[in-house]
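So, here's a batch of structures to check.
Next, two complexes with chain A in common: one pairs it with chain B, the other with chain C.
Let's look at the complex of A and B:
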């Protein structure tokens, strides 16, 4: 007997008045011959986007390659990435243009990279961060529009938001992240059973009813208030989309498997704990991506003015960068650089975790575009030109990898523009004032 | 986002480790760049105008062990530890007591009423800092040895042998770690200040008008101003010559018009007040994010040498208000003390102790320190905007 493996052939029925579909487990047969699309539906394998942030920059002479192009040289602080260098791009010599705004230490650089604007306010972001824009493009049909995580604690440690002083708060506990991802509400895409959650159905119906009132309210207020309402209702619409997703039988996914629960453990800025928390969060994130719970993420390894310490010490990474004199013979600060080593080991763990997951002939890393960056070039002086940046993964073949790109002093907004274009956002220029650009980085676009 | 209250730039403006820079220009002849003219200068420009963008602007530090024989100025925690009995020092130095040690030394940075030694340095009594002991310093003879309005002070001799050098800022700040460094090459300030000139935040231009001769010209107009334009740079960060800059036309606008003369390839200007941009981003919501700060050189003057390769190189000198020297950590607030270990109160007290210029009319005490900045400028096209719009012209 021939079996039709399209999702539309799944069993349908009613449960307490709710529509129910019952699928079948995922087999390799769900992928097409190239492994680039779901054979059953023809829909492409999901392409994901995420950011990975670390605070306090690098020692520039020990990090940036000398030779632009493929086969870049690896300086001591980049040496850990060697096994993955062919899947990683290094971006250097892109500048943050301030246009008269002050350089707010540990703040201006990251905000400019994410928004293409110079920061003028104390808190929040000066505009929408491009990860949110990308999320609006690719993240609307998953359970979570995006996941924000901070391995060093502090839910406010985030560079993601729609502007106007708002930030998407970060999850700080791996245990809580597990519960959010795989606890109540999780639908295993490979499970044979699917039962829509009556609570979710009720919430959706409530929102539908509110929708009428929303439209009436929008008609009743002035332009300024409508603008304020718009950001709020954008969130509401996201919620509606996500509820819709939860009432739809998920696409079976080859690499998805549910991880065992994560136990509560200390959340603080001690580097030893941060490394463990980061690893746990990474493992959970990887499976959230493999299970298509989200297609957008933001991982903060530490914060901008890094609070990292070593266990038993009160001396922070930030303190060392300012207190420890630069040794001109060595060309760096030896004590502060200890933390850099741990940071790039964690980055390699993150990349390798994505690369371990096979999705057809490609890996999850290949089907993802990760943008990693800091907020300063050299923390001691708060320099924001030439902030170290990387991309990892090829976004399903849309991005070339293994390159060092010398930005030659052009605006850092070129990076954000390029990443959005790679992820399918319809944008041909981005940024404001001196950071307004329509020149994407052609070297890395496939 | 990160809290800004604990962030600070650890630079302290004033003189700094530019000895390495001098060596690069005139190997084996430190100091000669200031005093000697160049015999191989090209003919003066046909229209009498030359423009420059300032690539280096930092205090010159004369390296060598004799300057600070007891070492650099202790950081706050080192000073606190040194103030304790030996047994207590040994106990607090143990790794397991580090949290207690940190708590105790950081407590010395704060006072009643939410004050701290950097935001309110005049409210704390701290010991004076170690000062430069060597008789050698870079700088200019600001009082021409006659005193005048100046308060009593010791004078330096330049590495080239010029006497009467006034540089009390260097005397006070020259033994700080930020200025002197730890490697005998340069302090952090030498490289730290460069970014501000590369970014357009503090970028300075010079426009010289009416040049008839590099050998002797008694009437040269010098426009010394800030520009918001970023200098283009090569892959190593060196400014490219020949770029265009427009004098800033938005406030706070700093455009100094100086009366200069050229004698045997050396440009000097008559004393006047010179004000230039200096803004700092740190400090949180507590203040104006550095917009209140600036460089002020009372009785300020330039002495610059024309180089055959087109550069201008030399010194800016004048008397700087004592507080202005510590404005970066002062704006940084308590974070400057607890993160970077800077004793702002001790610095201000020492600066005022050695102040040699700008007498307070009521107290008769000097309120400013003689100062010098090394200036290196490269050729550029400068578009002057003599008339300010909506900003105060100088």
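Let's look at the complex of A and C:
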């Protein structure tokens, strides 16, 4: 454990400003290879990262704990997480700073959290989202660099991308997700025989042929198109990489089981349907992680301006947050809050599904860092300060859990910075303008 | 552990299927070899734009080149629509993500396998000896040169031709079959950026030293994708190869033929689907308890009814664009008949239908597609409808509600004292902060209140009579018919469609109001005929002039990796 201690003290020093000149590569070196070894093969258990998004915030007084630190109190809307509270951190009081850019309702908040930048126009993301940055660090050796899912439908419902016109589209159908993961191209890591697939080899030669066109094209383009080409060829490289993984005998993985196929079913924003779709996708995702098909994921439960509906209600979740009167006796909007209770039930389903999978001495949840967040604090007023956020899992021991962290009004970009550092990205400052920060959240870094 | 870092093609194609035995060359277009003469690259030649193919353009292209029986199954990465702009503009900024490329790759392999399967290969394999020639390596280059020219919308350069032929040759050697070699090379073309992007290239403009203009192949692509929403056909590629499309008279003649063709309807459908945000129909959901008539068949028919109305009025009848807001002519099918409460006797297909006078069904805004789209899931919304009229039809962006707006004054739908939307909105608008924006939208939307949240007609809301008086920019009127008339008389609607058409063709929002004004004047002078508008848009010299941007070699690279 000597290394562990050194790393911890080095981080502490760094985070308290005592050693700001310590180079990031050093930090990086400490964080590398810090996994429990699998008994069978001696290779480290992979550490995964993902996000879980829900739209339209919470009722702040019914959600945020009062007491910072360990053993936080659970308000009514957080009550469902009780069995997992020791593995979950609550993050409150971090602010989105727009530096004069307009608050585009239901759009600015999520984009700021993911990119550390203020959105100036509704044109996709204002920069690279940190899940992509983390994917570049940890996701390059799996079949899929990342998996994006939207349980409420709409492939455009995504907060993951490299910025500009790039948005990683979300999978909306559980059966299509099944095919992608466990259909053609899937190699059961626990299967005894492994034969490299000649079709995959042929595909790889196609892609390397495509890659060879790069230089000729780049000579002739301007800067804007160059960016697009870079992204295109990055995608080509990634696909080649995926194929190379398919051609490599996989390491046996204790927890990996191939699930039965999922039937085609309707995809829409009706809440009961979304809950089922989310559960199916979650189960598939959990196995994709256990079978090491990907190490990065983004799950959207609903969208920012939530179009969730409930049979019998004339308006959506989003309209309810604006139009439903505050119940004077209760102090909140009961119809709109119904959706919140369903959302946190789903979140608990998600966390428990990860925690059910045993990987050596730890669970899959322990070997993962999940970052959950919304895009607004209190939807009725579109507030973007104090947007509710959580983390679940300890990233293989890199993150401390069971804490409520009070950000005391500091920029929300500190969260993105901290998560990237926890996942081993070489970054010591992140965000732009008022959201530029080099101060990560020391409390949760182990 | 087996680790294959450099798998060979030999292994890759070892199990390829045996090749077919019938060889015939049936070129569908003019001989490509003759046109390889125009070498694209000169010292000043440059790429000035890359526009990603939309799903419809991709599908149309495959159907045109390979036939409609070639199946294209896959999910297309959506192109992000920039706020208040067209998807055509978003396509210029669209990159291809790993998940998107994975899908394009799967589709490419699937298409290539079908094209060179025994049932289809004879149509596409071109051999030097012509029909009946021995199937051999000599067929690779001519076959791929021809397909490459169709897919990349320009002749392959000699290097490119050699490159793909060599790829096919290596694969054929490994796989023991010329067809498998062709299949692999075709799959490579179909994931190439030259195919997935419409690449716009500029050359120095001889008429204006120091200036650049789009080159001939780029003009062919622009004509074809703008007017027909598909890849350039052989005659257009030939015209480009002969340098005709930089000649204004020849360009106009070609464009004139294209807008006169029945295929122009595909282009018009795609244009209006983009202008009217039809991608939203994919997400349209209605509450099944409130609207039992709403089902997937209705949801599918809603946009189709609008598109049929549009193409029928503007093209078949060669009608005035402005009358699209007043016409009572439309199309009906069985699923819609229940919603509109009209009899459709024949149970199959679409039939013409004229709404009776006094039905208040006037033009596009009287159609259930528009009315349902701009409603809540369980009731109508005058605000959403008014906003859509402003933004989509008049190109006047309406501000979003301020981030900190207080909605506590907003309507309580269960309140019996406020049975209609007008009364509820009035209550909301006692707050001056809200009233400002609602004054822009609500007086328009309230005139459509005779139609509920899926566009079915009603006379009362919660048993209270509905008042459909309204106004737009000071002009007072009643009901959907009054609104349609006001829009038809407003110059803003004509200006809006003109600027959208120009944006659609160039893939850039238009910021030059003088140019739009001049275009609108010409549109008006031609009695607002859509063919004339598009003919103008694709032939205006300004649309082909290019600002010479610096090449990336001199620009700073902003990407990290």
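In this text, the second predicted complex is superposed on the first by the 385 of 446 C-alpha atoms of A that agree within 3 Å, B and C clash if a C-alpha of one lies under 4 Å from a C-alpha of the other, contacts with A are read in each partner's own complex, and residues count from 1 in each chain.
In this section, a contact is a pair of C-beta atoms (placed from the backbone, for glycine too) under 8 Å apart; a residue touches a chain by one contact, two chains touch by 3 or more.
Note that the structure is predicted; figures quoted are calculated from it, not measured.
Bringing the complexes onto one copy of chain A puts chain B in a clash with chain C.
In the superposition on chain A, A:381 contacts both chain B and chain C. When the two complexes are overlaid on their common chain A, residue A:131 makes contact with neither chain B nor chain C. When the two structures are aligned on the shared chain, A:220 is found in touch with chain C, with no touch to chain B.
When the two structures are aligned on the shared chain, A:319 is found in touch with chain B and with chain C. Of the two partners, chain B and chain C, it is C that touches more residues of chain A. Once the two complexes are laid over each other on the shared chain, residue contacts for A:304 go to chain B alone; chain C is not touched. When the two complexes are overlaid on their common chain A, residue A:359 makes contact with neither chain B nor chain C.
Once the two complexes are laid over each other on the shared chain, residue contacts for A:103 go to chain B and to chain C alike. When the two complexes are overlaid on their common chain A, residue A:327 makes contact with chain B while staying clear of chain C. In the superposition on chain A, A:240 contacts neither chain B nor chain C.
When the two complexes are superposed via chain A, 397-405 is the only one of 397-405, 505-513, 523-531 or 541-549 in chain C with C-alpha atoms clashing against chain B. Note: residues 102-105, 108, 122-124, 156, 167, 312-316, 319, 322-323, 325-326, 380-384 of chain A belong to the chain B contact set and to the chain C contact set alike, using the contact criterion stated above.
Considering their complex, residues 55, 93, 95, 97-100, 102-108, 111, 122-124, 156-159, 167, 303-305, 312-316, 318-319, 322-323, 325-329, 375, 380-385, 406, 408-409 of chain A touch chain B.
Contact residues of chain A toward chain C in the complex are 102-105, 108, 121-124, 128, 136, 144-146, 148, 153-156, 161-162, 164-169, 171, 176, 180, 194, 196, 198-207, 209-210, 212-213, 216-232, 234-236, 238-239, 242, 244, 247-249, 268-270, 307, 309, 311-316, 319, 322-323, 325-326, 380-384.
Of all residues in chain B, those touching chain A in their complex are 1-4, 6-11, 20, 75, 95-96, 98-99, 102, 177-178, 181-183, 185-188, 191-192, 195, 198-201, 228, 230, 232-233, 235, 250, 279-282, 284-285, 289-291, 338-341. Those residues of chain C that touch chain A in the shared complex are 1-5, 7-9, 11-15, 45-50, 75, 77-80, 82-83, 90, 92-102, 105, 108-109, 159, 163, 167, 170-171, 184, 187-188, 191-194, 196-197, 201, 282-283, 285, 287-290, 376-379, 400-408, 410-413, 453, 549-553, 555-561.
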